[in-house]
Amino acid sequence: MTVQRPAQPRIPLWPRKRSAAETALPRWVAYTLLTVVSVVYILPLIWMLSTSFKPENQTQTNPPTWLPDPVSILPQQAYENYVGTVDEQGRTEIRGVWTDPVIDFPLYLRNTLIVAALSVTGMVISSAVVAFGFARIKWPGRGITFAVVLSTMMIPFPVIMAPLFLIFRSLDWIGTLLPLWVPAWFANGFNIFLLRQFYMSIPKELDEAATIDGCSQFGIFWRIILPLSKPALAVVALFHFMFVWNDFLGPLVFLTHQEDFTLALGLQLYQSQAGATPWNLLMAASTMVVAPVLLLFFLTQRTFVKGIATEGIKG
Amino acid sequence: MSAGETGSPSRRLFSGLAWISPWLVGFLVFLAFPLLLSFRYSLTDYSILESPLPIGLENYRQLLDDPTFWKVMWNTAVYAIFTVGLGTVLAILLASLLNRDIPGIGIFRTAIFVPTLVPLVAAAMVWMWLFNGELGLINAGLRPLFTVVNAALGTDFRGPAWLEEAAWNMPALVIMSLWMVGRAVVIYLAALQGVPQDMYEASAIDGMGRARRFWHVTLPMISPVILFNVIIAIIDAWQVFAVPYVMTRGIGGPEKAMYFYSHYLYDNAFLFGPRMGYACALAWVQLAIVLCLTGLTFWVSRRYVFYRS
Amino acid sequence: MAGTPESGISKLDITRRAAVGALAAAGLGFALFGPRGRREPEGRVVLNYWEKWTGQEGDAMRAVVDEFNAGQDRIYVRYFSMSLIEQKAMISIAAGDPPDLVGLGSWDVPIFAETDALLPIGDRLAAAGLGPSHYAAPVRGLAGYRGQVWGVPNTCSTIALYLNRAILKEVGLDPNRAPRTIAELDEYNERMMKFGGGGRIERAGFLHREPGWWNWPFGFYFGGRLYDQDTDKAYAGMAENIRGYEWVQSYPEKYGPDRLTVFQSAFINMYNSEQQGFISGKLGMVMHGPFLVNVIRVFKPDLDYFAAPFPVEDSVYDADRPIGMLESDVLAIPRGTPHPDEAFEFLAYTQRRDVVERLAIAHCKPSPLASTSDTFAARHPNRSIEVHNRLAQSERAFLVPRTRIWPFYKREFDTEISTMWDLKAPAATVLPQIERRTQAELDRVAAKRAQREAIAADEGGDA
């Protein structure tokens, strides 16, 4: 993948200035098209939200409706679907997502956050360190090693999941959360690449000045590179958080105890448990899994979009 | 000279290796070793609980006679071709459409990007509900259309049960994958904005029309980005797992129509037997396929991808 | 979007950063101080018990566990409802981190037994007075395999035909008589079918694919079978089975596969719900187990139902020897548990007659034991429990094929049923293919077994 590198285009973010490659459809055509496309893309999520506010029997209406009937039951119904009620003995009275007697979503949320915190921390630290070794230190064999780093990005996880399971088994890690976060402490190809690119854009002169001042390699890394790389580290953290939140196959293979499940796995369990989960509850649970990510996105749009644009242009 | 560029080569080698040691260890333990282990077990019959029984190349030979293997290969290839092909075209079209500076464009860009944030398991739930034959939004939307058509032509078209009728499974999955092209759209958008103004000015002088300009200037200019994203998309499509697994409750759908490579590998490794050895053989074949496809993309690109020097 | 200039930090930026910080802090706080798994009392041996039951069935077993925990102070059992339990259990046993007790199905026994994943407990059971004679004859062997006993059949069920009396009356059929033969079933179905505008199906009499769990037994009602344990042969392609699946195909032929599939999609996989086809009145008859009554009790207590042995082809009809599937749940102790004695103590507790009967009643199932208490029948909530008992006692009751490759065989039916249902290929083509693939897998497994045994014998000889 390193063989040919396209020229690095600038990456303006959601730019305001008129761009050259712009299509030249008349404005009203563009607006109409864009509106239709956007509505199509957003509708599934609105439908998810709408279903999650309905009582079960109203999910069966044909043609479908968008609001519960009457609308005034919405707050109460939303509470029952999302939370549910439990009596003093802890028995379910109204089956809601958060207090479901079998699928312990609060616990799964906690597990997900634990895995996320540990693996995001590990991924940021390890990738930052390794990228420094590739960007700022000239050592024999660096080029070829970096090519190996990049080629690891091409290996699909399913290819190694079975032997990984056997390795984690011999480490006695099956039945714990360790398989999900420990590997994150050993960096990965994509993040090393991303940070290396960023480090290389930091002027070498800064290093040289620091060296003259008697700074060690670690001093340069710690005092110069890291502070200047905060935006790139934020991208790594954010993307890895998204990965953990999303990951389904990893938990499916490595987690055997239901107490250790993550949200993605819990959601699937919620849907597939013997019996059935009504659509309104399923959509409420899905909304709960989606909402935090959307919130995070709206708060960090800038970092997000910049990160993706960089990722795509690495060639 | 900075600290990393001075000192003897062996000294620099030592400190370089020290810095990359986290990756090096991880690479050896969590990637290289599993791959080797996987190859070793692919030459055995291994149920995890019983000790591995060496059987030479039998697993690989059996793959050739295994109808389910060919079925999942076919499904996965069809899925990859359609999602990557249609997805790339759609993403470039959307990116060009979004590449304007008009008020409110940010809202449109956000709308198309947001679906990619939805965790796959949740997305699968939402689309199962949308695709429901009797109560789903998609068929409800199609119903008025069919009513008109049927009245006019005397036909009897109806919205299908997308996930229960085998013939409609693949279209359903491809449609859903098109819903999640937002990431590629953002990348192409950035690439389009990286095309330098002077290229367009030059082409305008040559008197090119808009369509020709898009074909002869814009596309070649962003072709390296397209290449990269096509490779990523192929690798991603080839490992598709979560969505069909969730939608079919781990069964693989009617007539195995939603049974994909990774799912079959998973079933062999953890369900059928388990057949760890066979799963490992499947894994090596998968790896070989992904590498070949990547190589093929590069080979094709040598002819068509334009690199500025 | 992009409301702020690239340079300089605006107020909005600061607010956003504060919000991200707050979100991160909240997340971290939840990770550190959030809910933990249930806590267990100190000083007691804690046993993890994995069970497949959820909902009302899970509650009933949980009540048994609570009682056991309250009744003594050395052992504490923690109950977990698991999905995909056979996979999870197999993986964790293989990983050396097994639960202490696991609730499997009788169909899981062969594979767990052959891989030595469970503790054989025949001797312990005999010593505790829970030998074979404790159990009713038909279920006795269900937890055994190849001469060993690997668990106890703690509940059992047979599959019958459930009918909705109100619908029978509505269409002018005798509300107390069930169809006995396939031809009668077809006639019942025909009368119950109801169509809406555009030929849309609004109600059906019988649907082979509801509840969708049993795609493989239709040949049995025509005198077929799927597997012979002694010869290790698969018989999916035998003539009786082909007749059975030709019957299955006759429904989509009559009513249109897409029409039936769309009709069913409204309630597909909705077992424990008021939307379930039989409960909502969209189906007049359904092939089901006694546990269906639990769902009826919860969602439609006034539903007037009754059950009968599933109809069979005319030529094999025999009122005294009905044909129906018999299956049992199996409570077992995985190999590698650190507490086999304590696990057995709990297992033995669950096999006391009063406990078994309480569970059976809560699950609306028959009792698996040789003798029932006098009040069992009177207390039982399933008004058709006698039918299920009769099916279990029948010499023509059939079991899930007892082979370790059952997951493979079953998957063949689960996916190929749609090939037949969608009329892509006739049963006479599909079933022999299933048989061929399954037989190849059986032969492969048998060859491996033989090789393993040969190696073991060699090693034994050397030593």
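For reference, chains read A, B and C in written order, and residue numbers begin at 1 within each chain.
We take it that a contact is a pair of C-beta atoms (placed from the backbone, for glycine too) under 8 Å apart; a residue touches a chain by one contact, two chains touch by 3 or more.
This is a predicted model, so every value here is computed, not measured.
Trainee: Identify the chains in contact with chain A as well as chain B, in label order.
Mentor: C
Trainee: Tell me, please, which chain's centre (mean of its C-alpha atoms) is farthest from the centre of chain A?
Mentor: Of all the other chains, the one whose centre lies farthest from chain A is C.
Trainee: Would you kindly tell me how far, in whole Å, the mean C-alpha position of chain B lies from that of chain A?
Mentor: Here the centre of chain B sits 17 Å away from the centre of chain A.
Trainee: Which integer distance in Å separates the CA centroid of chain B from that of chain C?
Mentor: 35
Trainee: What are the residue numbers in chain C that touch two or more other chains?
Mentor: Where chain C meets two or more other chains at a single residue, that happens at 1-2, 84, 91, 94, 266, 269.
Trainee: Can you tell me which residues of chain A touch two or more of the remaining chains?
Mentor: 14, 16, 60, 165, 272, 301
Trainee: Do you know which chain B residues sit against two or more other chains?
Mentor: Within chain B, residues 48, 105-107, 109-110, 134-135, 249-250, 270 contact more than one other chain.
Trainee: Could you list, by residue number, the parts of chain C that touch chain A in their complex?
Mentor: Touching chain A: residues 1-2, 6, 16, 19-20, 23, 27-28, 30-31, 34-37, 48, 52-55, 58-59, 80-84, 88, 91-92, 94-97, 266, 269-276 of chain C.
Trainee: Which of the residues in chain C come into contact with chain B in the complex?
Mentor: The touching residues are 1-2, 84, 87, 90-91, 93-94, 111, 115-117, 198-199, 257-259, 261-266, 268-269, 404-405, 407-408, 411, 414-419, 421-422, 424, 437, 440, 444-445, 448, 451-452, 455.
Trainee: Can you name the residues of chain B that touch chain A in the complex?
Mentor: Touching chain A from chain B are residues 1-6, 9, 12-13, 15-20, 22-23, 25-27, 29-31, 33-35, 37-38, 41, 48, 94, 96-102, 105-115, 117-122, 125-127, 129-130, 134-135, 137, 140, 143, 179, 182-184, 186-197, 199-200, 210, 214, 218, 221, 224-225, 227-229, 231, 235, 238-239, 241-242, 245-246, 249-250, 261-262, 265-266, 269-270, 276, 279-280, 283-284, 286-287, 290-291, 294, 298, 305, 307-308.
Trainee: Contact residues on chain A for chain C in the complex?
Mentor: 13-14, 16, 56-57, 60, 101-102, 104, 106-107, 109-110, 113-114, 116-117, 165, 168-169, 172, 174-175, 256-259, 269, 272-276, 278, 292, 295-296, 299-302
Trainee: Contact residues on chain B for chain C in the complex?
Mentor: 45, 47-50, 53, 55, 62, 65, 67-68, 105-107, 109-110, 132-136, 150, 156, 158-161, 163-167, 249-257, 259, 267, 270-274
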